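The structure under discussion appears below in the form of structure tokens.
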């Protein structure tokens, strides 16, 4: 275990910016490099695990004007992103509200806690027929599946965040005459933010998984899940991995980019989370 | 000592019948069947050498033949026949034929052999995809979609058609009978087959026995399959499976017409840039093994 | 310009003062936590513009009582009223400085202090204007943009004081507000507080451990007994403000309060320590 | 209090807890009865219950449901245990060492959104179709909440508690055991709850992959393949009920024994003392 | 029986004391946090068995210096040694009472206090035995099984004191250890601490805001200047122990220290408050 005992005051490292790039490039480069070599030398089946360069080449073609349909992959990405962001956005709002209700109110706890914990173990597969019944064939079905998947992580983390806050922090706001909304805005939301961000990271991750499953199961054409599903019908491993790689990279970009930026601007600046 | 063979099967009625009884016993062959829920996973396990026998439809087979020609032989068919594909509508639908559905919503599962056959059928009728609003769905949801009038009709395969009919809310409007054969081929691991041809022959023989049984007595086959499925706790009407068996062709023999059907699929994939060349499918077919197996069944049952 | 500043700018001391009405009334108020009785029977009346100090052994229920008056905790027995109305919830009429400061780690010093005005709906500029006055008076200048995680104990306490004062509540509830300050800084802040109190006619209830502080600042000193607490003495410090710490009469009051308090602590500690 | 009364108290709490679910079930039943939802797509709870009773072997001749539940429970719990064994230590490492976190987290971020299909070729090649593959797919579902929550818990623990132990001569193990683990327990328990739920719900996807004709996931998928809607819902309801029971019996007990006691938590208003 | 108890039981005061060796040596020690210099140039020598008090304006870097000696923070300039060895990490030879207590909310009062012996590998029974003594002396009896969340501020502080004392370290680092205690409780605990120090020959370094405390207990009082801090005065209190608070000579020392300190605070506050 690495642990600095005497924490020297943190100074800006002269190489901070390059290192931030070097690390992911090295660690990911190592991963993909090994894969490339293993596939090229035949250590692993290059049909089941096409080398990354071949995957990228196939992706390049299918995302370009010569794809089938032209620019098809781009369309898939756009549609998937739309569904994902809509679902996650919904989960962020509704999930936080439900989490707040559970954490802050007796009735919320009594009503939502059992229902949420009963719904959580239900797999995506089981939702689609019900959603089909409710929404029909529509983007709404997919978006709802994504919403459901992302909600649980957010709800549970919001509840933990609230439970970890000291009650006196609400008291301060209350003694200043803060309304419920003000207490929420000035105290609770910033207070639970570290947990909310963890929930959001996980939520986005599971939202991707659910989205892929939903695009494979429910009525949809286009979208990365559909692309993977379609490729499976032809055992087109390059396209399957192309889709998966795209998901991975988009997931990474959202987690690092959007959520990471939020993290930097808030909890890291506040010094709430200890950097060791 | 009995030989053993790892076989991949799917959750389809012919395979249920195959695993319901020990068909390998007369040949001293022990079958280790693993049931997969998707053909894709079965083929991955097949390529990984985890199962020696698997089956695959046209799309996957073309890719395999083009990119992994050294890995397999075609030793027979698992199921075939256009009659197992139907266009279904709600029971109260007034549509009398495919023309009445022009411009309406059709639920299909794109990419499947079923859809390919349907496209050929449309062509024969002088129609095309563009005449309908095509909605891609998962097979399990199609029935519900038709019932809920989310779509006006759906293209489904057996046993879904028969079960849905049995459930009472949908009816069969058109059968794709005679449009083509759209076979699912039985594939065997090439290295294994080269080293153990007799084992594969024995397997094929057991498979032929099972097929004969299904053809001779669809009612009993339906019952057997239903019982097999019920072991997992799932209940399905035997009568529906019986109907399915009358529509599915389980003949094991690979005909030239079947092999020829792969060519247009391959040409389309070549045009889409998915494969480089149209493979010579004939070179994969091991009719000799089938002949030997047929011989073996005759000598054993007699 | 805020109300307080207005008055501070034109200090008119001891003008025509109407007979002060009761501000806080406690009748047999008690608070229990499960099986632990923190406050048993708290009965007193605190009038408008009074500066009352509460002193008592550690753990006797002083903070608890303050929380009950602030409206954070419900009394489990007796009655507690502010302005004749039973206390049901916290309100901006009662400001509090917590013993543990309770700053918001996600807000800078400045924004911690502007919180009250922000909640009251004041424009940002005005809120900052008000806050800056107290930042200056508490000697926090230069740390406006620091986050609480980087402050020293005493600095945190000063932020907490400045935060409560910026709200200008009718009643100020102070829970050992100078515990972490050095003598001299304390003197400065104490003086400002007293000026404010006299000028703006606030009612102040201050928990403290320092007999010196209590006698110097308060009109009355309530001495609580060991847990479960009740008031064992209510000492009126009958000296005009501002007081001189060297005043011998103050020294007498100090001795009086210390004597009562020590007897109380001795009683409880002796039994404990001899076990 | 006499045991009888205590049991009664406990029962009342449980009933109160289940009340909202009961409400939901009644709404559902009504929706089906009034034809708002079609029974052939969404069967009524009463139908599902009847089918469940049949599958439990209470009236019918086959008691397959117990077998499925047993098989699935074994796999899910194994996967969860694996997720703990990997997620907790790794979470501590990444929470403690910023450097390690910076190196490893890009890979984690890449892996987190991956659906099961991404892993199947690898798993089928390495482990073949079987129990191990199923367990690993479930593990991949369960490990991330455990890992991320552990990291969050460790980071939320300030430096000063660590200093206390250090100044008493405590080493790394002491810090871990006496500070980091208890301090991050609230976050850890959240991770456990989410992780277990994921392990449990991933079963369907996992047992679909290579079912050895056992498990709730297998049953659900098989029922879906043959349009046996009520059996499918029996499976789904079993997942929900057992998942909920695990959360409240296993983790609820842990929570009550630890963090609820430590922090004098007031249920309903949130926050701790 | 522990070492301390042994000695306490047979108090042999002022026996043949060899010339005390330097225990803590600081030469130009400084700590910077980014752009904020908390401690600038700290130079002093604290000898074995010395009781040194540090006093200084709020935010001047007292806690920071204590953390550096404890080994939690690295000095960014100068040298800091204990027993002639540069300080590289915390160790059981240096015990600390934090200004913010830093109790473990997941441990009861008793188990918070037994933490040190537990880490040292003592059997549970013996650890509890040792702890109970300090629980009694700090008046925490009856709260052994309470969790910190349910304690009052002063009780938490007493737990923190008891926890550090139970470890019996060579050097005790105390950061305003009596800030939250009432006078009388403080007197009791202070007396026990002093007895311990005299009996067990501990070196004690205590940060405090109370000139009274500092002069009453310490051999030397170090007065720090406003941030960035350096030692502005090193006052040796040349009176034998135990001292009488009423001793006029002590009064003189008090005045002396207060004067220097106030001048320091005034200097910094004046500039700030006049802005």
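Lettered A, B, C, D and E in written order, each chain numbered from 1.
Here, a contact is a pair of C-beta atoms (placed from the backbone, for glycine too) under 8 Å apart; a residue touches a chain by one contact, two chains touch by 3 or more.
Chain-to-protein mapping (UniProt): A, D = NitT/TauT family transport system permease protein; C, E = NitT/TauT family transport system ATP-binding protein.
These numbers were taken from a predicted model, which means no experiment stands behind them.
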Moving step by step through touching chains, the smallest count that connects chain B to chain E is 2
Shared touching partners of chain A and chain B are D
More Cb-Cb contact pairs, comparing B-D against A-D, go to A-D
In whole angstrom, the CA-centroid distance of chain D from chain E equals 49
Chain-centre distance (mean CA atoms) for chain A and chain D, in whole Å, is 19
Separation of the C-alpha centres, chain C versus chain E, in whole Å, is 28
For chain D, residue numbers touching 2 or more other chains are 38, 41, 121, 125, 159, 166, 221, 224, 259, 263, 272-273
Contacts with two or more other chains occur in chain C at residues 100, 150
Check: chain B positions touching at least 2 other chains come out as 38, 44, 48, 140, 144, 148
Chain C partner, complex, touching residues on chain A are 166-169, 171-178, 182, 186-187, 190-191, 193, 266-267, 269-272
Listed in rising order, the residues of chain D that touch chain B in the complex are 38, 40-41, 55, 62, 64-65, 68, 120-121, 124-125, 128-130, 208-214, 218-219, 221-228, 231, 234
Given the complex, residues on chain A that touch chain B span 45, 47-48, 61, 66, 68, 128-129, 132-133, 136-137, 216-221, 226, 229-230, 232-236
As the complex stands, chain B meets chain A at residues 38, 40, 43-44, 47-48, 56, 59-60, 62-64, 67-68, 105, 107, 110-112, 134-138, 140-141, 144-145, 148, 150-151, 269, 272-274
In the complex, the residues of chain D that touch chain E are 159-161, 163-170, 174, 178-179, 182-183, 185, 258-259, 261-264, 272-273
